[in-house]
Amino acid sequence: MQLIQLIIDGVASGCIYGLVALGFVLIYKATETINFAQGDILMLGAFVAFSLIGVLGMNYIVGFTLTVLIIAAFGFLLDATIIRQIIGQPPFATVMLTIGLGFIFRGFASIFWGTDIYSFSTPFSGKILQTGGLVISYVNISIIIGTAVLMVILFSFFSFTKIGVAMRASSENQLAAYYVGIPVKFIFSLIWSISAGVAAVAGVLLAPITLVDTSISLIGLKAFAAAVLGGFGSIPGAIVGGIIIGIVEQLCGTYENYLFEGVREISAYLVLILTLIVYPRGLFSDKAEVKKV
Amino acid sequence: MSYFDIQDITVSFGGVKALNNVSFSVDQGEIFTIIGPNGAGKSTLFNVISRIYEPSSGEIHFNNQNISKKKAHQIAGLGIARTFQNLELFENATVLQNLLLGRHIYRKSNLLNELFFTPKVKKTELEHRLKVEEVIDFLDLQHYRDTIISGLPYGVRKNVELARALCTNPKLLLLDEPSSGLTNEETIDLGFWIKDIQSILNITVVMIEHDMSFVNKVSDRILALNYGEIIATGLPEEIKANEKVRTAYMGE
Amino acid sequence: MRFIFKTKYDQDINVSRHSGDRFWYSLLIITMLTMPLLIDDFYLGEISYICILAIAGIGLMILSGYTGLASLGHAAFLGIGAYTHAFLLTHGIPFIVSIPIVIIVSFLVGAIIGIPILRLSGMYLAIATLALCFIAEHVFIRWEHFTGGNRGLAVPSEEILGISLTNSTVFYYLCLFFLVLSMFAAINILRSPTGRAFVAIRDSEIAAQSLGVNLGIYKALSFAISGAFTGLAGALLAHYIGYLAPDIFNIFLSLTLLLLIVVGGMGSLHGCVFGAIFVGFLPQLIAICRDYLPSSIASQPGLEPMLFGIILVFFILYEPLGIYGRWMKIKLFFEMFPTYKKQTFKKQKVFTKTDRV
């Protein structure tokens, strides 16, 4: 029974990792770059939600939607103005750039909102569901359902709409996509905005658990592990990877005495290293083989 | 067994057979050209020889040695050098540095010596430089020694890649579309150089090419590939007259 | 504009290209040697710190700038060097013996970690090194027997030949000595076949393999050499800080090193020094900026990382060749005056193309 409890908690936290990982994967699939600032965008989402719902007192649903839209627009602008400039340069440049951006976002948040820890009320806070010996918080339920809904929306988008197909084309060969008339730059910015939106969703869903302060951006690093585990090119893989990491963390926390002290904190990184060494393609990788010559 | 032997090489990518039971042999000192429409599997074949791709079956023999299980970085040491269709030069280095890398397999110093740059290291550096200069003279690259690759015109870059392959002092040279993108004058020069490579340097050449007049002028024998299979082998006149080759290039 | 007339291959192989080079570098060395006579102890300490940073920078530059392998976790090597050195000193091993041991240990750790990790390509490698940095910090906290854990480890003040290292001037000369030694070693590696192989790996792994470069071995070698240099810097850093705690060697320190080589100029050893000077004086710079900003912003603890981020972004976007790049452009401007054209450095339009099959 306790095991099932652990697994459910793990699935919930895993969904958050999965959502952030999803953002990584989207940007990677499109532009073959990694956005190290993904966790910081999540943080900005949580803060904006706090301002709208907590401070201005907006309705939860309205505030949530508005937050996602604002952050999505922010992501679009981010790509259009800054990220676009270094396209085509070696990946190292993007790594450094996004790391730098992450620092700026965190610094900005601590200046604009201050360094206190904030929270805002949600329709789920404090309520729990008790069935058959299990205690599940409404917050966790909201996370799991929210993630599922988002996955369905994104899946339909990429499979059935023209824009989704255009995104996949742009990611395969940018020059060729230009030649067939795809507005590649716009598509890339759109991807960034979707990715930012997803991060914002994760941020708002996560806020009731971790409260809102600048350190929640460290989630980004654990989400890496999720993305790698799931196979960096796979959308469902990101979520599955996240869930696995969430469960592993919970298990490590409970069975810490059998392993070693503090294992829970670094369990995500250990999974990451292990995956990279043993099975770097990840679970759901769509890579046949890296093209050689 | 002949000098260079390819036996029943098959390469599959998922369900697609890029190469299907390809076999041929090359005699020492000849210029052997592989032709075929795009997607026929020619570059895949070179990648198998360079051990970048792993064939699902088949063997490669060179100089009476089975090299099918060798690793990619061991191929240069066996005397096989190659150029690449899309040019794989070291963009941020000078021509000289690119060519000096061709001498890597002849390196005699180890890390400890190099840390202190002992006289022995200096001596071997000079030896490498002398050998590289011979190749520079052969291909007329004197002007470009200290130019960084990214500043060079396309024709010169192709030359540098050829020069770099020659610096490894190979016995077998694999050229992947050496004349693509070259002007008429450059192609004529290339023809002379390849002939010189054969007669003066005694290097066996296996070439992938598209320019049929160039191929007919330079080659000793030709192999035609289509959809991963051999459709004809023989002398240039024979291939020119071959029905299957004509259909492959003109379409059904 | 100087025209170099070459008559011997030696001129290409040697370190200094012409007498002008030798003159200016000799002048630099004389200035550095007489520094203690010109400035007071505090600034001497600052310059010692810059020398230490430069040595660490050399380590990271060889790995990332010359071999093209990103590492976001080099603070781990600083920690390994610092803790190993302090550990050996507390157990009575003299300084002169400890330093070579630190270098060898760091080299071996680099080689051992490098072999599995370096099979990964660019992006994944960066992530792996990031994870390793966290794990390393965790190890430093947990391995109390070796590091003293969160209580920290005091670095014993040492003596070489009877002269105490707590003396600023002595420590300065020591750091300077090791910097010159490191530069010398780095230059030698880079102009030899090993260094060329590193550059080959950075620019085209496929071509490097086809020319006989064993990728696995050379990548691990680069990582090990890089670790050795950074470990040495760590040992010197231990003396500079005086008291070691695990949270010193965190991700921010790794990123500081990265900032160092990016700002200094990737792909050049000069860049290490320029970057070290920049990073060394950064806190002072920020303190000065603080005076000009309105107090509500200036008092924020989040200001330093934010400025850090802004500088990093600025350099990536507008000055990708770093300070050294700007220096070379300025020199070129004067050499070619008045025919200098800005378009010389105009970046080609590049498009992305997938590596996936």
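A, B and C are the chain letters, set down in written order, and residue numbers restart from 1 in every chain.
One rule holds in what follows: a residue touches a chain if its C-beta (ideal position, glycine included) is under 8 Å from a C-beta of that chain, and two chains touch if they have at least 3 such contacts.
All values derive from a computational prediction rather than experimental measurement.
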Greatest centre-to-centre gap (Cα means) from subunit A is with chain B
Judged by C-alpha centres, the chain sitting nearest the middle of the protein is C
Rounded to the nearest Å, the gap separating the Cα centres of subunit A and subunit C is 33
Rounded to the nearest Å, the gap separating the Cα centres of subunit B and subunit C is 39
Per the C-alpha centroid definition, the whole-Å distance linking subunit A and subunit B comes out as 46
Among subunit B residues, those touching two or more other chains are 13, 52, 84, 88
By the touch definition above, subunit C meets two or more other chains at residues 206, 357
Each of the following residues of subunit A touches two or more other chains, namely 288-289, 292-293
Within their complex, subunit C touches subunit A through residues 64, 68, 70, 72, 116-117, 119-124, 126-128, 130-132, 134-135, 138, 141-142, 206, 255, 258, 262, 297, 300-313, 316-317, 320, 349-357
Listed in rising order, the residues of subunit C that touch subunit B in the complex are 9-10, 12-13, 185, 188-189, 191-197, 199-200, 202-204, 206-215, 221, 225, 267, 348, 357
Per the touch rule, the subunit A residues reaching subunit C in their complex are 28, 31-32, 34, 82, 85-93, 95-97, 99-111, 115, 171-175, 178, 214, 221, 224-225, 228, 232-233, 260-262, 265-266, 269-270, 272-273, 276-277, 280, 286-293
Listed in rising order, the residues of subunit B that touch subunit C in the complex are 13, 50, 52, 71-77, 81-82, 84, 88-93, 96-97, 100-105, 107, 109, 111, 114-117, 121-122, 125-126, 128-130, 150, 164, 168
